[in-house]
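Quick one: structure below, then a few questions.
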Amino acid sequence: MSAAIASMRTLIENDRIRLALLALSLVLVALGPFYLSAYWERVLIFVFFNIALASSWNVIGGIAGYPSFGHGVFFGMGAYTCAILIVRGGVPFPLAILGGGAVAGAFALLFIPLFRQRGFYFALSTLAAQFAIETVVRTWSFTRGLQSFDQGWNLPDLGSLDFFYWLTLGLLVACIGSIILMLRTRVGLALRAIHKDEVVAASVGIPCTRYKAIAFVFSAVWPGVMGAAYAPFLVFISSDNVFNISITLNMILIAIFGGIGTIIGPIIGGLLLSIIDRLSWAYLLQYHTLIYGLMIIAVISFRPAGIASWFKK
Amino acid sequence: MSKKTMAIKRRTFLGSAMGAASMVALGAPAIAQRKTVHFGASLPLTGPYEKVSKVYKDAYDLWTQTVGGKVSVGGQDADVKWTIYDDENKAARTAELTERLISSDKVDCIVGTYGTDTVLAQGAIARKYERITMQAGAASARVDEQIGGHTTFTLIGPSRNYPTLAIDHLAKQNPKPKTMAIITMDDPVYQEFAAGAIADAERHGIKIVLNEVLPMNTQDLRPTVLKIKRAGDVDIIYNTGWDLICIKLIQECVALDVNPKAIVGGHLTTNPVVKETLKGQLQYIYGITNWLPQMAYKDKYYANCQAFADKFQATYNYAPTYHAAMAYAIPYIYQHVIADGSEGDPLDSKIMRKRIAALNNLESVWGPIKFNDKGRILTPGVPVLQWQGTDPKVVVLAPDALANGKDLYPMPAFNKRG
Amino acid sequence: MSEIIEIIIFGTLRGAIFALAAFGFSLVLGVLGIVNFAHGVFVVLGALITWSLTAQIGINIVVASLIAAGSMGVLGVFIQKVFIDRVFKLHPLMILVQTFGVAVVATQLAELAWGGGERSLKVEFPGPALLTIGDIYIPTWDIVIFVISLIAAGVLVMIMQMTPLGRAVRACRDNIDSASLVGVDVGRVFLITMGICGIWSGLAGALVITLKPTGPYMHFFWTLDAFLVVVIGGMGSISGALIGGFLYGIINFAAYYYLPNQAPAIIFATLIALLMIRPQGLFGLGTTVRK
């Protein structure tokens, strides 16, 4: 086992092989609709959503070290914005996706005062914000649905399963690409400094609040975009299924499971967790939530740096 | 059958069902090759709807036992196979599972899940494949508007019609109730239920003094009951919520000594948990129910509803709620429409859709089956019952044809009972 | 006017239970400096164990409540020793997620044992069911529970003030580094704190199940309620949590009375506002959370 891991490690450390592997797997994944069954295609689309969400959360939660427990709200915002733009406004889908990202980003600005908190208090403030916003969306007649008793939105059929496969894969690649690019700029350096020690970072003249705000808005826009793509994919959305607290938790768990604060972590986490989830669900139906919980405990208790840390020295 | 053996069986019969389906695809005459009929469903088997899901699952199972595991497809016997997944009451999971049931498991008949969001999500996928589903788990009119008729057939009456008979009945009591307070849970199905109750009450000149809309996860009913108490004379308190809301409502009415002339506990007072919790406090409480063993319906296998209820009780060791009869009716209807092979493959969605839509009062333990053009079952009014006696028992009050007792009205005050 | 008085009375009565369920949460936040997402599990399991002992085995409810509370104390120590202690030095996020995992596992096990539905206990109490103050009716049982909660708070205050154990816990709460310098076994204090947290929260559960139906899935509501109480009252202090409980009870009751459908938004917006304006709580000790 350890020998295999070691040889894998040397393989992966070779840059050229790494790039080739990456390109090959990307091509294989992109050709998915040609060899996958509809069911597996749909499963993979969910995996793409999950990875993109966890990667976005990772920017603020993992890299900057501010554990947002309200990030699901941006996904829900994106989904509702898209639905309302399309159903109420007849806006074309691509614009509605942009709208979802824009609204989520704008709402993220409202969260900035919460950055006066840290750690537990920041986590629980953002969680409270999610519950408060969800209640408003659910009860305000403009957002809750088209007709007086509706709870949620019904979208027209905007494309085939293949279309959504390539769309979400494209958005996922763009999302991760933009994160990599952003981390290479001054923002990335500043965020890592803030994570390490905010007082020191501030004392050497890093404008912490500004960079935290940039990171937070950035990590909210992508969930908004993904939510906007999710709404027509699910066709019927309601506050129960797009503002659900489990969406926030999934982002966090995937990032931690794979390796928090790394680019590859959420990718590994998203793939592995959905494989494990489906295996335990298929063979141990009654116990699958239990197993999920045990896995969370096990990873955090014994491997807090996540699965990705196995492949590093 | 335990879940484990269920899982093992699932895997074995998946193989055979896929085999059967691929033979069909090879172009052999479909009917001649049909050895199994594969029923596929998802239910929220884990989580808050675990209990009601179990009733559905047991009812499907009872049907399979009742038909001896075999049904006739176009005149030929075929084995019945079931695949039932756990959708955890999540829309996304339900969509994924429906895709799996259709594209991987190749099920013949899709049986709907429980819950509005999940039924809608399931319908969206089935519609994409031009398949049909039959469901008994979502009463909201949204189902009719979005997927009714072409994709989904619904065996439960619209919730808007739930309260009509009860309010007609209460309006006839002496002294006539003049005011009513309604408790509405904030979800389409309960909002429609409450809208129906308000319209019915106004028709009888009963004034709505309070319509309290509560969030779905409300934990404490005392603020609501205090508000009712302070609203002045309230003759009827009408709960549109589920069993737990009914329990809390009555507990708080007792706690604050709120004594209207009648309390209507809603559509789930017959769930065992209500009586187990409230015991004697359930006395005098009204309820409505979509189905009772006393009803005079029958099908091919059961001479009356009581026979069905007895069989269910004997097999699963608990009394069936209305969900049982309703869920049992789904495969029963499929069984009826696939028996005839005269128009081609009876398992073809187009043929099934046409035949289900054309059903004209098919007899079943759930009552006569006939759908409107939105795929919604046409139902008579929802019967009215009252819990009577110190060890409260159900007495049916309306409609007259089912009535087996008289009202105890108005309800004596909680603190003036022996 | 009498409307407001009624809201205050009923809110305060409910608040006593919220406070009882939050004492442990407050201590753990004050001493260990962590938020335990599995906190509500103590309440819910305490309730269900009391139910089983009383309704199924037929043990007297007072004894059953004490057994349930005691077993939650053991569970608290177990969770601290086996789980939290391992990740204590890591980022707060890890503790949140880990204790969330503990809550998931505990809830799933509870659902296997008791099913996913709700249970409740009815206590036959001698004497009139209702007391009247002017034209206000108050259920006698609510007053009994209120008094039990106050006694439980009093006992906890006495333990904290008068025993060596309580002194060690307070020393760690006030300054963990100096406590360890003067020879306090910090690890042991942590275990004791979690044990106390489990006992008092379990007792809250035993009382809750006599008031309203309780099921395993409700644990998260209790965790959030406890957090709200502590944010209002201030962490680490028992009297702060008690007053926080009363205030939260009143806010909660008033929100569900006046604007039920917006109540969650009102309650959580209040929480955020309080965190922004006065993070140490209205009656906090001035210490802020370490991490």
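Letters A, B and C mark the chains as written, and numbering starts fresh at 1 in each.
Assume contacts are C-beta pairs under 8 Å (C-beta built on N, C-alpha and C of every residue); 3 or more make two chains touch, one makes a residue touch a chain.
Every value quoted in this text rests on a predicted model; they were computed, and no experiment measured them.
Ranked by how far their CA centres sit from the centre of chain A, the chains are topped by B.
Which two chains touch most often is answered by the contact tally, and the pair is A-C. Mean C-alpha position of chain A lies 33 Å from that of chain C. Centre-to-centre spacing of chain B and chain C amounts to 38 Å, using the average Cα coordinate of each chain. Averaged Cα coordinates give chain A a centre that lies 37 Å from the centre of chain B. In chain B, the residues that touch at least two other chains are 46, 186, 215. In chain A, the residues that touch at least two other chains are 135, 139, 286, 289. Residue positions of chain C touching 2 or more other chains: 261, 263-264. On the side of chain C, the complex with chain B involves touching residues 3, 6-7, 10, 14, 111, 115-118, 120, 122, 129-130, 137, 139, 142, 212-213, 215, 217-218, 221, 252-254, 256-257, 260-261, 263-264. Remark: chain B residues 3, 6-7, 45-46, 86, 90-92, 95-96, 99-100, 102-104, 116-117, 120-121, 124, 128, 140-142, 145-146, 186-188, 191-192, 195, 215 touch chain A in the complex. Only residues 46-48, 50-51, 186, 212-215, 217-220, 222-224, 226-227, 230, 244, 247-248, 251, 254-257, 273, 277, 279, 415 of chain B touch chain C when the two sit together in their complex.
Residue ranges on chain C touching chain A, taken from their complex, read 29, 34-35, 83, 86-87, 90-94, 96-98, 100-105, 108-109, 112, 227, 261-265, 268-269, 271-272, 275-276, 279, 289, 291.
Contact residues of chain A toward chain C in the complex are 61, 65, 67, 69, 113-114, 116-121, 123-125, 128-129, 131-136, 139, 249, 252-253, 256, 260, 286-287, 289-290, 292-297, 300-302, 304.
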